[in-house]
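Take a look at the structure below.
So that you can tell them apart, the chains are marked A, B and C in the order they are listed, and the count of residues begins at 1 in each.
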Amino acid sequence: MLEVRNVSLYYGGICAVNDMSLEVAEGEIVGLIGTNGAGKTSLFNVITGFARASSGTVRFLGRDVTGYSGPRIAQAGMLRTFQTPVGFPKMTVMENMLVFSRADAAARPSIFRGASPARAVLEEAMEFLAIFGLAARAGDWVQDLAAPELKMLEFARAMMAHPKMLLLDEPAAGVNPALQGNLIEHIGALRRRGVTFLVVDHNLRFIRDICDRAYAMADGRLIASGPTGDVLNNPDVIRLYLGGGAGEEAA
Amino acid sequence: MINRFATISRRALLGGATALALGSAAPPASFAQEGDIKLGLLIGLTGDMGPWAPALNNAAILAVEEINAAGGILGRKVQLVTEDNNSAVAGAVRGATKLVSVDAVSAIIGPESDPIVALRSFAKDNKVPVISTSAGTEALDKAGGTGTYIYRTNASDSFLGVVHAKLLLDEMGQKEIALVVENLEGTMSGANTFRKAYERLGGKIVKEVVLAPGQSSYQAEVRAVADTDPDMVFLAVGQTAGVNFVKQAYQRGYDWKYWVTAELQSPDFVNAAGVEIVQGTINPVSSQVENAESWERFSAAYEARFGEKPEPGFYQAETYDAFIAVALAIEAAGDASGEAVDANLTKVSGPDGKKVISFEEGREALKAGEDIDYEGASGSLDFDEFGNVTIPATRMLQITEDGSWQTIKVIDSSNFPAN
Amino acid sequence: MEGILLFAISIGTLAAIYGMVTLALNLETGTGPLWDLGIVSFFGIGAYAYVILTAAPAEGHQHYLYGFGLPMWLGVIGAALAGAVAAWFIGLPSLRLRKEYFLIVTLAFAEVLRQLYINEDWLTNGVAGIYGLEQPLRGLVEARQYTYVLFALAICGLLAVWALTRMISLSAFGRACKALRENEALAITAGIDPRRTSMVLYVLAGAFTAVAGVFYVWYNTLVVPGQFSSDLTFFVWTALIIGGVGSSRGALFGAFIFILLHDSLRFLQVSGETAVTLTSLRTALIGLLLILILRFRPNGIFPETRVVFKLPDRAKAAEGAKRKGLA
């Protein structure tokens, strides 16, 4: 589904991503680990059109999407989340949902349509909100939500777009262990609905719990890949994380 | 054609401060009684004209106080209503609407060029005369007069253009000149009318250079003027640009004689540029003929009331005259309506009839059944068919060795063509 | 009494015109992400475009080459188009910039345009301006009553701009603009193209403001470059901030209250002698009032409110989710 080939990214003279390749097949949940500054988010940015690769190609659903703009990649069905989920603070939870809906995307070219969304769209949004425990807050401003609710809203919102693939940037960051279990369940449920995942996280336990395979990065390059267990037991990876002193609980 | 953006003269500021002090110290006047006659003064108290406005307001106060001291118009007390027009068109429309709708004034006096142009149809629609005392704009050259409700008591830029041209050609024998103009409304208008008149009367403009406002260097412009090697340069520019230009020309070794417009006629210009640079510079100002009784009388009264002399070029006399003329028009008609003022304004101002120089004198003559000709502090104040006046005399001022502006000659300009 | 009403109507007309601009600014800045410090650009473009299209040919002492003498309705359409095209031109380079730079560039463009009005004598008659312009429906009523007609027209214009900006800001497009305002990166992941969306928004605001410029011409019966200085931009911004950024009610209220504040103080005057003092106090008084408003209502008098939808039943939604095996 997603195929990254020999991607490099330079910011001025600094190399953020160095000749990275990775693949994600349909229905997989793939992890991408590495310490701070390893280049994970930079790679995310290249894949999702937020940064332009200095070299290399990105293919999505068999199409070469290298150099596509962010909105175009999103329209192609690849959605990403951000490390700090803030949403659209001064819009209601429901508006946040609608912005991601296909109905809105279709109505946007006309500047007048979509003022009162179709019943079906509102119902669908409400269902997703119910799933993520946010139904009661549909009419509230997002800036009034608590941090865990914001996290849940990330998923609920993403569902509205019916993405084929979700790129999660540190979904477990700042989430307490109880809620982490919740998150894992939700990701599992989404996968059953046919969503493919690429997940960046520091939290190795979380990665182990959800990912089929994993890639490990250091200094912008790939240092290990394979089934999650193997990667996490790779001596280079262990050294990297122990050196950082963070271990499995790194968050 | 006073340049609104010119550096404010120190005296103007002092005048403003005095007016403020007097204004706040004065006891609150009683509210209008039924039967009071109201006259409106609509000027730019805020905005670009702000620095000049207090002087005009003073002149209006003086006129109204004199009228009331003489027993009012038609035996009714006169009340001055001063309104701000923000020195802008929209402000003028609002201010005028307030003066007419709320205060029901008999006339609106004072609006500057843009404001009065904007009030042309307003004046006619509401049957209220609008009389400018400082608008130089050519748009009024043929626009006013009895029946149009539009007048002005100051000379048009077109007339000043003729004055400049005639004096240069006839008095100075200057057949060629370089023209330097700053791109501002007042200065452009002044330069255009001058060019037209000068060329028509046989003069030749060897070079015309436009200065963009607000630049610190005019080296390129100085060079452009120098290319034609003129011996006299006509400066229609504001103070800041004027000082920069003459200094930079001097630094490059050019020893031109300057002929300047009213914008530069101030001690500040001399001080800022330096006497050695601008000595000999000439400026013609419109004035009442020398020792005219009406001017002396006004000047003395103004000084007694406000502790300073009225300034030539500040339009105080023009403003004062407008009030007195309106008062006399009402007196002549026996009616304080705008229509009555419009119908009688030209009549009471002359040129036929008994010459009077104050409201009281005029009223007595009217009571005696005589026709009157109000002789203003600013000039003879004879409105022509277009509501314009000519200026009786022009005073040629020159900067002397000690840096002061001295009158070198007073020329009778009453027979100059109007434009 | 009728006099006071006439005066109120006259300033109401001006408030309605400013209201249109404030609504257009609210569309850009309140709904959308554009911090436009050059909204006066379109006001001026609209006014000049209208005048050039509809004015009579120049008289002897005037310098402009074109006065096409077209009917007024064509002038209005032309003005809206000119505003839209101008916005597009200014938007091309400036919408690539970050918010803060956009602010500076739009401010600079406004000044450049004012210089154009001043210097392009052949088109605009320069600093002298073009005057004696006609007003619509003039012949319908007696001259003194025309104030009411113009007021009615301005109110119709204001209502139209209000309805249109409101429809736009509530639409899916409007939501996209709000999303860009709130979080551009996240909006991109929703498939919203920041530059395209901003451009459409900017062009719309340009067209609305240009139409307001036509009303301004009707109100003043002339155009001069001095009318289109950045003072107007700041006036409108202040009105919007007092009223409440992001709320069309606030935008309207802000425009009216700000104008009324300016002019109601005219009634404080006691005599001609105190006028000078009072006028300088007036500015200070308005400043003080603004500070007080912002002290106690930092988000304006009518802050932005939540958009309310008729939401489906929660219990049913939960059930539906369960049925689909999602929860």
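Points worth noting:
Heads up, the rule we're going with is that a contact is a pair of C-beta atoms (placed from the backbone, for glycine too) under 8 Å apart; a residue touches a chain by one contact, two chains touch by 3 or more.
Given the structure is predicted, the values throughout are model-derived calculations rather than measurements.
With centres computed from Cα atoms alone, the innermost chain of the structure is C.
Farthest from chain B, judged by the mean position of CA atoms in each chain, is A.
Centroids of chain A and chain C (each the mean of its C-alpha atoms) stand 41 Å apart.
As a whole-number value, the distance joining the C-alpha centres of chain B and chain C reads 36 Å.
Averaged C-alpha coordinates put the centre of chain A at 73 Å from the centre of chain B.
Residue positions of chain A with contacts to 2 or more other chains are absent. Those residues of chain A that touch chain C in the complex are listed here as 48-50, 69-72, 74-75, 79-82, 86-92, 94-95, 98-100, 103-105, 107-117, 119, 122-123, 126-131, 135-136, 138-141, 161, 189, 192-193.
Within the complex formed with chain B, the chain C residues making contact are 2-7, 10-11, 14, 61, 118-119, 126-129, 131-132, 143-144, 146-147, 216, 219-222, 224, 226-227, 263, 266-267, 269-277, 279-280, 282-283.
Of all residues in chain C, those touching chain A in their complex are 167-168, 170-176, 178-179, 182-183, 185-194, 197, 200, 204, 246, 304, 306-314, 317-318, 320-321, 324-327. Residue ranges of chain B in contact with chain C, taken from their complex: 16, 19-20, 22-24, 26, 28-29, 31, 41, 45-46, 53-54, 57, 60-61, 64, 79-84, 88-90, 93-95, 97-98, 100-104, 114, 117-118, 120-121, 124-126, 137-139, 141, 183-185, 188-189.
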